[in-house]
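The two complexes that follow have chain A in common; it is paired with chain B in the first and with chain C in the second.
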Partner chain A sequence: MQDEAIYTALAPIFEDVFMRDDIVLTPELSAKDVAGWDSFKQIEIIIAVESQFGFKFHTRELDTLRNVGDLVRVVREKNSAKG
Partner chain B sequence: MTNLMWLPKVDGWRDTLKAFAKSPDPTWAQAVSLANACLDFSQTNALDEIARRRWGETVPDGITGKPVRIAVLGSSTLAHLQPSIRVGGLRRGLHVAVYENDYGQYRQELEDEGSALYAFRPTVVLFALDAVTLTSGLRIGQSQADARGPLDATLEEVRHCWRLARRAFGGMVIQQACLPVFPSLLGNNEHRLTGSRAWAVTYLNDRLRAIADEEGVEILAVDAHVAEHGLGAWHSEALWHRSKQEVALTAAPLYGDLVARLVAAKQGRSFKCLALDLDNTLWGGVIGDDGLEGITLGQGSALGEAYVAFQAYARDLSRRGVILAVCSKNDEKNAREPFERHPDMILRSQDISCFVANWTDKATNLRHIAKELNIGIDSIVFVDDNPFERNLVRQELPMVAVPEVSDDPTFFPRILAAAGYFEGLAVTEDDLARTTQYAGNQQRESFRSQATDMASYLAGLEMRLISRDFDRIGLQRIVQLINKTNQFNLTTRRYTDAQVQGVMEDGNAVGLQLRLTDRFGDNGIIGIVIGRLEETDFIIDTWLMSCRVLGRQVEVTTLNVIAERARALGARRLVGEYIATAKNGMVREHYQNLGFTVVHSDELGSRSELDIEGFSLRPTAITMVSE
Partner chain C sequence: MHMDAIAARRTQAGAQAIHGVHGVLWALETLSAIQPLGGFNSLTVKFERFIGLNSPVQLRLVASTATSLRMELAVDGSVATIILLKKAPVSQYVLLDVDNTQIVESGDIAVREHSLEQLIGLSGSIVEAAGPDAYEAAYPHLSGNIGAVAVGGLATLSRLVGQVSPGLHSIFQQLTISFKDIGAQTPQAGVRFKNTTVDERFRLVSCTVDSSAIAGMVKSSCRHPPTVQPSLNAVAALVRPDEFTGAVALIIGGSRGLGELTAKIVAAGGGKVILTYAVGKTDAERVQSELVPAGASCDVLHYDVRGDVDAQLGALTLVPTHVYYFATPKIFRTGSAIHSVDAHAEFFNYYVNSFYNICDHFNKVKSPLSVFYPSSVAVAERPAGMTDYAMAKVAGEILAQDIDSGMPAVRTFIRRLPRLDTDQTASLVTVQTEAAIDVLLPMIREFHHAEVKHG
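Moving on to the complex of A and B:
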């Protein structure tokens, strides 16, 4: 799966989690840039991504997510591992 | 699955929510409707966010349920449960505000009258203590006595917290059962390993239930739900390690609904009646086409067994006090035939309190059932295998609960149980006798049609109204009636157990429980009156009655009882109050009808007086008995 496709798939998740349609996903975007993106929203995003892409994050991977770019990277890696 | 599977999945729900968010004038009813869908945690949180932007802590005008303020107390992370608790309330039309203690500080806040918890003024306190905290102090291999020590100390501490909450806020106290999160060490016979935390959870949950019963505390049985759905659906070790969330976010919508149904039950807002379709709901096939021999029911096929199992579940619901009704498109003669003649039917005619089989639409028939049984239309659950009928009823009567059953009866009992429509907090003798009472009603109705006029009909009923001061034996039923009666209720003042006991101890107060018997049986306690003497006025603080005894002169006879008691106390005048609610319009004219003079009246209610110095008992067909 290409990064571009992953960004496209993530957009509605962010839209739903924050109930806003004006969030533009970029690799650098992180919690400090979006009002209300706290640790709870972070977990909501993680679980929504897990259910959308059909995998579970490794506990270690959860600790490496600092921004949207990290999230896209982990999704890409897990998807390619699935084959 | 921990999802809300009894609610329909609604196409385009997100778009409806977005339109709702952008609407200049969103209504509470729209929000309630959005909440009555099969929502996951993300949808739940989104709806909560929008509803909070719109209403926040402000209770919208015109909502029927009492506003609820829930303090959720614990020492792990609970914030992720808040939206689901609020939406669980919203689903039942209740406005819920939620408070959570500062992390780990609930004990200090309970002791400190200056704390934010006190400032919040909760009406409900939910103790959601995590398993790690509850089982602290255990060590593998310690002696049996050493292992019990810390657990029993914890239990006493929990009991102390309940009492603190009860004393400080006076409202409902809920204790979440301990979540069985610990892996076993010994295995199947874990109970033989002293100091095992897995064993400790079993011990704690057993004891918590026992002391909750002693203290009048309600249990939130998450342990039972873990047994049903599996621990994996309720708890994620990864999230526990990451953020100390004990209940998984994916289980939050169900958790919130479980909390809300307890709170709604306390307000008397549980459903009361199960209305059943017949063809392909109680049996397989169409009785009018297939005939008695052709329908699928009973042994011989898995499907036939499944219908029997569903009927048995419905019968057991009726034995615990749920009223059964039939709502079917059929010729009545055909529809009744299996109830009378099919050997494998579990449900029989006498189990059905109201039987409606005709060709009118089901919404109209459900209205008729509500009227016939004297219950609110919003206390009916309607089960129908046909999606067309379900959607029609949902559209016409959004207040009727219509579970999203499939066409496979195998799952009907589990779906009804999962939905928790009939959530009950106590089982009273009257609940157990209710079905017989409603069946008695039907006999009375047919007797009425034989009687030539109302007066001779009533005289022939040989009614006795037995009044008795509040006592401990009646306490449960008294509190239950006070808190669930909405229609024939002049003031709709709710009383806790402690407040009812307060009436019993107050020399200037009178609390009367009224029981009606007649030649068909005992109707149980059907009326409650609370009055207070203020100088020479007897103020009727509370007057409520069960609607099933209306039209039988019980009101006038009750007035006779009140007047006699008031006079004995030295009162010269009765003062009756009416406080209008969305549900008690039927008693708006109650005091006028009894000959009171209205001294004040506006849209909020009225105040009426009756001089009893020269009052003579009104003649009725009911014999008064004082015990």
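Moving on to the complex of A and C:
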């Protein structure tokens, strides 16, 4: 799965989690850039991504998520592993 | 966190909070009084932050189109609740396989306490607390729009989450509901529910709900129960019975958390303990009731650091040799702003002004005294959302250093503590923390065995 497709799939997830349609996803975007992006929102994002892409994150993978770019990278890697 | 002020301070809210659904009903009633809700048959609510009891709440109409309407409840400028109304197809949520023999509740509901395992697949029904007349009287405009039975159904969701599933240790996160036709609504037929998923990693519970008036999905968190500190027996296994003999430790904020643990460590080592509490008298007496039967000396004293020091500490019959200053307001705040004047003032008052007042009190008595000032690694690590906390702690460090050099009778002992297991640090997200006793015990030993001043 290409990164562009992952960003496209993530957009409605962020829209649903933050109930906003004005968040532009970039690799550098992180919690400090979006009002209300706290640990609760992080959980919502993770669960929604898992549901969307059909896999579960490992705890060690969650520890590496610093920004949207990290999230896209992990999604790409896990999708590749699924074959 | 809604009813009991003492219990509420040991939750993530830190103080009594209003029922989130109550806030939603108020917002919808207020809106309904202004404009009809005709056609809006879908409601999504996200509870972003707690709304403290008696906190001024602002209702904002953020966006309005022909098919959707967004409102927010805000406290201190931060969004606490997002409410989204939509004109949408009737909900596709269908409740299947509800086993009403698991839980059937009506009238006054006893609060249940479930483990995560018990919540998996849990189902049942809850009858609304009152008849439609009561809901219509309380929310007349809203009832006129969606039906009083639907209002009762929404209110019942609060009972579901807070009292039944997850129950006692719960936080309402989100609801997505469709309203059914008023003509099909049946009074007090109950709201059926079934937990569809329980995510054990994040302690999240998703629950399908259905009644004659509403249908949809509720998401909630099953939070950890309040942190329990090690027992005196467990502490005594790590402490020599005479290593704190001769010490009289005044522990400010000793009713729970690190103060409670410190009391047990000092008592296990043969020292005398004076616990203070501001509001947690029951907690302080619980600690006392554990220490005294074991042969320890433990007094309990009401002390509010925001009050007059001399008047409150004048009642002491024992002269302290050591003071532990664990007094703190709620540490983790949920506001989105980097800096809050009110939060900073509260932290500064606790960690600086009140700390100074205690040191000044004992310095005037001229009895040699050692004072433990617990700072935080947050001063150096600077985690997000803790700016005001870190600023006040660093100011307290500077003050403690200058007290050490400037007050002849008072020696200060400053250590930066890591995040430890307490009610204050309880989180839904698993956070790796060190065992509090492993961190605290070496510090207490160092503190007690250092030389005191002879002012």
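Keep this in mind: the second predicted complex is superposed on the first by the 83 of 83 C-alpha atoms of A that agree within 3 Å, B and C clash if a C-alpha of one lies under 4 Å from a C-alpha of the other, contacts with A are read in each partner's own complex, and residues count from 1 in each chain.
The criterion applied here is as follows: a contact is a pair of C-beta atoms (placed from the backbone, for glycine too) under 8 Å apart; a residue touches a chain by one contact, two chains touch by 3 or more.
Every value quoted in this text rests on a predicted model; they were computed, and no experiment measured them.
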{"item": "Chain B versus chain C as contact partner of A:A35, first or second or both or neither", "value": "second"}
{"item": "First, second, both or neither for A:M19, with chain B first and chain C second", "value": "both"}
{"item": "Which superposed partner A:A81 touches (first chain B, second chain C, both, neither)", "value": "neither"}
{"item": "Which of chain B and chain C A:A48 touches, first, second, both or neither", "value": "first"}
{"item": "Contact residues common to both interfaces of chain A (with chain B and with chain C)", "value": "19, 39-40, 43, 47, 59"}
{"item": "Touching residues (chain side chain A, partner chain C) in the complex", "value": "19, 31-32, 35-36, 38-40, 42-43, 46-47, 59"}
{"item": "Chain A-facing residues of chain C, complex", "value": "44, 46, 48, 70, 79, 82, 84, 173, 199, 201-202, 204, 334, 336, 384-385, 427-430"}
{"item": "Of chain B, residues touching chain A in the complex", "value": "14, 21, 41-43, 45-46, 49-50, 79-80, 238-239, 241-243, 245, 249-250"}
{"item": "Residue ranges of chain A in contact with chain B within the complex", "value": "16-17, 19, 39-40, 43-44, 47-48, 57, 59, 62"}
